[in-house]
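Same chain, two partners: chain A is paired with chain B first, then with chain C.
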Partner chain A sequence: MNNSTTSAPGRSGNASIRLGAVDICKNYGPVAANRNVSLGIAPGGIHAIVGENGAGKSTLMRIFQGIEQPDCGHIIIDDTPIRLSGPKQALNLGIGMVHQEFMLAPDLTLLENLVLGNEPEAHSLGVLSTIDWSQAKRAGHALARQTGVRVDWKRHAGGAPVHMQQFVEIMRLLRFGARILILDEPTAVLAPPQVDDLFNLLRNLSANGTTIVFISHKMNEVLALADTVSVLRQGQVTFEAKVCDVDVHTIASHIVGGHSDKTVKPHEPAAIKAHSTGTICNVRNLCVRAKEMSHPLHDVSFSINKGEILGLAGVSGNGQDELVECLVGLRMPHAGTVTLDREDITHATNAQRRRLGLGYVSADRAKEGLAASASVLFNVIAGSHRDRPIKKGLFLNPKVMRTSAIERLTKLAVKYGRLNDVAQSLSGGNQQRLVFARETASEPTLLIVSQPTRGVDLNGIAVIHEFLKTFCDNGGSVLLVSEELDELLSLSNRIIVMADGRIVGETTAGSTDVTEIGQMMVMQGAHNG
Partner chain B sequence: MADTTLPANALMPLLDKSFRLAFPFLVALAVGAAILLIIGENPFDVYALMAQESFGSLRRSSATLSAATPLLFTSVATAICFRTGVFNVGVEGAFVLGGISAAFVGFTLPVYFGSAIIPLAFAFAALVGAAWLYIPGLLLARYKVDEVVSTLMLNFVAFGISGYLVNGPLLSRESGNNVTPLVHEIAQLPRLLPPSTLHAGFIVGLLVVAAYALWVKRTPSGFESALVGFSQRFARAVGISIPATIILVMVLSGLVAGLGGGSHALGQLHRFADGFSPGFGFTGMAVALLARNSPLGIIFGSILFGALASSGTTVQLFSDIPLDLVNIIEGTVMIFAVVELGRITLFRRSVRS
Partner chain C sequence: MIADQLIAAAITMTTPILLAAMGGLVNRQAGIVNIGLEGKMLVGAFTAVVVSSITDGWLPAVLCAALAGSLVGLLFSLVITRANANMIVAGLGLNVLIAGVLGFVLNWYFDASGTLRLPDVTLLPHVLPSTVSSIPVVGRTLENLEPLTIFAWLSVAALPFLLANTRLGLWIRVSGNAPQVARAMGLPGKNVQDFSTAFAGFFAGLGGAHLALASIGLFNEGLTAGRGFIALAAFYFGRDKPVATAMVCLLFGFLDATQIRMQTAGLPPKLIGTIPYLLVLIALCIVGWRASRKESPS
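Right after this comes the complex of A and B.
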């Protein structure tokens, strides 16, 4: 390898900062993903980086890995400013990244995966070299001892439990000489006991001098594992502290931006008056079993009243997505019931629920809310293509299709070129308005709305908020799932809070503030009994 | 409101679009020309000769249309699935089984059924083709069995079944080997321009393309299958059943392929014979890819490939150009048509992940 110019001096010496950032800025078009981010992580430390989605955590990690170049500022390795050309150089300098999706080859054994890309050779014969499996095995056992994990090396990666795959991935990076491990939400895919195993492993590594950076959404994990914590909000480091000096609520308030004293008025009379006219949707004891890559739900019960906006708050990845999928019919619960307008829809398909008056605005606009490469026309008509008058007799009526498409788009003031343009040619805000135009065209009684303003510009946010209010004033009901607490507070009549797959609290918007909700959001474990 | 077209720019996208559509074929002609140069032929002369042999006279034109007839069916059958994002390569097998089914009805039913034998034979062929592709449709929809593998393998099963039947129970006593008896004269599709082999199956083929166009543009299920092709997650979230759509398009595809086999048996060969299809199913795939599944494109593409096939045969007779040139052009068209077809590749990646 010809990187003598980049190999850091003092590699084995006692640097005061193992990995750091100095005034890093990164812009994607008009969006500032990182603004003057500075960090310093001591050797052997465990550093947590927390923040909402879109706060700039991933961008910073990509810069640490050399995948992205900062627009200004630089990163520091072992007290030395460095410009990384790519992940390979980062790894040569000892920075290893564990992604949320593991990079193991499923059809190879764990041992084969461990040495993949850097196989020990029995004889040096160029392409004819054979792999020294006994040496590989020794390396595997040594790493297992070092990390305190028992590994069945003969197992195929695809069939191994998900935490085992993760451990092998970590060992693989260690074998490559990683001294700094970056983990992107490492516990998102793990069950609780597996989380304990992972933490033990990481503590062992840290005790042996490996520096660990991990991104997390879960406060209790930060407190359990990290020495130091940084909070990113809107691309800036807004808070930094030693974990022993700080409590959950302080961190939470910095994550959600509760330090701003902005008081938000809930919107009133009409909706709150309508509030008392009965229940539209009732969820009772809903349970979803734990499965890898998804969060379980425990005994979730709540109801949505006619004419109200019910806010659902929670740190992302605490089961909100799974709950929404159960409500709209894209995931089947293992126990519990869901009723819509007094009809039991627990096992109804999405189409049946839509006929009963359900609308759904997905959090994943690009992949689920829209068919990005299909035309605007298709996107705005989809779902109601079997309804009259779009369908007349056996056939679609293209004329009615176009006129009702234009009518729907006009109602939400969607800006578009032509009906045949692809949906992804629209701006983020207009795409979301298109989704609303489609989902409300059939005049649903209940609208399940998840992260409606994610990636939407300010003007678009105002339109969507106004629309939701009008929708409720006209008697509709909304379940609003959002990570923007300001949004929840300004729109909702009531707010329920979800943590760790449970509803942990309920409050009315008029009588609460960001701090109180933030505290409820991180109250994990309180309801475990 | 905003749905207006600017006349000044209207021509540009059209030109752009037609270039993109023609691109794979132009590349294929260039590759063919390079090969002709290497073997010491003048590509312009050869292409001129081929054009002459394809459309030079009424007789040659009708030979071209005759060669295009089975492709109309197989390319529609392929397009039905491709636009849904289902990579069905089993049209060939369904075509062959449709052919033997129609021939069976054509020589088995008593003559006094009269010309009613023809619709009955077509119906049976369609039924067998549909049932045949229902199998991989079900496997994909219910058990996520990769449709490329299952349909490709089922082709060989179809060849095996038809080969057994034509050499065993359905073997003609008069003709010796590998052929069934001729269908009754009343069951044969009329020739449109004798002495050319162009037969009424061509008209049936055009009707099938028209029905396909109607399905694509005007039916809810056609609309749904397009949405499934764009994004399965999106389609599911707006209430479309993915398994039902997959099974539907597989069955429709088999139905059309079966009709195609029926048309070829009743109109062209008047029987079923071993080697019934010299790869009509796969050429139909090239046509569907080239046409981007558009009905009009399918008609043009079928005639184009029909022209290649009919001129290829005669060009071989009159010069040293091997028939393989046609295969080279066909293969190149397929490769470059797929290069352009980003949608299916993208879709498949998202399904696997």
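Right after this comes the complex of A and C.
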């Protein structure tokens, strides 16, 4: 196995800081993504970097990888200040990054993917030389032993389980000589038992001297895995500690900072009002078969009452997206029924459901929620184009279109330049408010909302939360799917928990807390995976 | 006797399609669908006839045809990989452009319309002594065997190994399958794609040379008659696998050969001539249907 030949300055086992940052600043126009960030990560440790969306984690990681250059400050590798020119140099110095999207070619075998870019040659004919597969296999087996993972190297990467792909990507970085592994939310795509496997692997690596940095926003993972933790908030390191010295609440309060009264306040029982009774939506024994890249649903049943917010919690990728798609008519279940206002809509089209009073705020704002390159005007009017007076004869009435667009946008305080600006020119929070403005214009009785505050700034979050509450006070119902447990706890009347395609628990918001729900999300499915 | 002739004709008819298809499948494995094979075959055929007439030798003619094909291929590739042109539109454009330019050159320089007859065109030599013709069934095939047919079938045997086991082969496959991965791993993805398109041009050029120099020894504007597209269908149907693709080429070659025989039997020739193309359409439908079956849950 030929490791990288570029020698790291002062590459030695006794460096006091393996990877560090000193006073790093990075601005994107007026936005300060990183402000005087300083970090020091000791060799062989596992360091967690936590923070909200937009706290500056990704920017910092891009700087560590050499993709972005800091405006001021510098990074440190093995106690030596370094300026990185790009990912290749970072890798040569031993910094390897595992992205959320794996960098494996699906049609190639895992072994082929392992050696990609650094193929062992049977004889030296340059690019025409044949690959020494037996040497590749030996390297693969050695890495598998080192990490404590069993790998079927002949398998195509595309057909291998997701965690196996991740492990092979980690092994490939190790084979390139990575001594520092940076993992960007590595558990986001994994089921709970696979998370355990990953953590075991990372612990093995750490014990053998690899330094590990992982980005996360899941507290339980930080506590389970990390030795040290840094909290980033609004581009600054606001808190650093050894994990053994802190508890969840301390970390959480530093993550949300001054707004802690807004987002992590315990639920006020007063907010749970018994609204008008009766169910608006009834889901019975819904089953969906697994297709490529999707999670099956097993016998999902629940109902949504009139005037309530029903929260749906779960680790992402446990079937929530598939359930939402079944409810809005983008995916057909193979068994079970869905009723809306006593009408069977199991096999209705999305348009039919919308006519019955369904609104849908997609988790994938850029692709499903908005036509990103179309104008603000068209985005907020879309779906109403058949309704009079916006439709006039065969054509649209531009005047009415504009006035009703402005009316809708004002209602949610969307900040935009001109109506003809493209939707993607708005900030994340305003884009999301635009989606809400459109979806509620038809006065739906049931709003299905998935990850409404993902990538939305704090002010936008407040507006959206306030809006959802008002919507329910006026008699509407909401299914709120979110990975942010605090959001679910502060908004929902009831919370159902999903794991491995099943509903594994139900609780009322007043009688539970983050830990209980977190445990339901994580513990369930561990025995049947 | 008839079987004899039929097999010999089928093998001869297969060679140009096979050569173009081998180039095209490597190209497609690297992620470029080469619609321009037809044009490159035409360039190869033209070059082969001209060079053969000038040098009086088949080998320089074949080599120049291949080089001309790969040069056109490389330029075509740069248009796609560097100028980000759409590969389908660029390929169609290339075919029209080449047909137009060759037609112009025929008129302007050779003062010929449509067909170019040159003196002293050397045909491809037969490699085996004529005594082999006495062998039953395959005798005539062996007698007709020339270097390009042998090369074509050798490449069918060698390509699976080369693609699977060389560094370049691995790079070609990853460039087509996951270009972003190739980039992330520091591989020269675009160069690999350019190489593969030049490679396809090389093989298409050889295919054109075979069309011109196997037996007729002249160039005609309609010489390729859609064989570049038949090759395209062959590697689609053969899922870019050399051996499977070769079998499909053999089938098309066989149909081509029977078609000619049926014409002599008095059936309407134009109608019979459409059979291979009809089969291409059916083949593509089958490929698509099989792919959609594979995606749906079992």
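Please note the rule applied: the second predicted complex is superposed on the first by the 269 of 529 C-alpha atoms of A that agree within 3 Å, B and C clash if a C-alpha of one lies under 4 Å from a C-alpha of the other, contacts with A are read in each partner's own complex, and residues count from 1 in each chain.
Keep this in mind: a contact is a pair of C-beta atoms (placed from the backbone, for glycine too) under 8 Å apart; a residue touches a chain by one contact, two chains touch by 3 or more.
No experiment lies behind these values; they were computed from the predicted model shown.
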The chain contacting more residues of chain A, comparing chain B with chain C, is B
Is A:Asp486 touching anything from chain B or chain C once the two structures are fitted on A? First, second, both or neither. neither
So, does A:Glu506 touch the first partner chain B, the second partner chain C, both, or neither? neither
May I ask you to decide whether A:Arg289 touches chain B, chain C, both, or neither, giving the answer as first, second, both or neither? second
Touch check for A:Gly117: first (chain B), second (chain C), both, or neither? second
If we overlay the two complexes on their shared chain A, which of chain B and chain C does A:Asp107 touch? Say first, second, both or neither. second
So, A:Lys88: does it touch chain B (first), chain C (second), both, or neither? second
Show me the chain A residues, by the header's touch rule, that chain B contacts in one structure and chain C contacts in the other. none
Can you check the complex and tell me which residues of chain B touch chain A? 1-5, 214, 217-220, 223-224, 226-227, 230-231, 233-241, 343, 346
For the complex, give me every residue of chain A touching chain C. 87-88, 103-108, 112-113, 115-117, 119, 121, 126-131, 133, 289-292
Using the touch rule from the top, collect the residues of chain A that touch chain B in their complex. 328, 330, 349-351, 354, 360, 362, 364, 367-374, 378, 381-383, 385-386, 391, 394-396, 398, 402, 406, 409-410, 415-419, 438
Interfacial residue positions of chain C with respect to chain A in the complex: 165-168, 170-171, 173-174, 177-178, 180-182, 184-187, 295-297
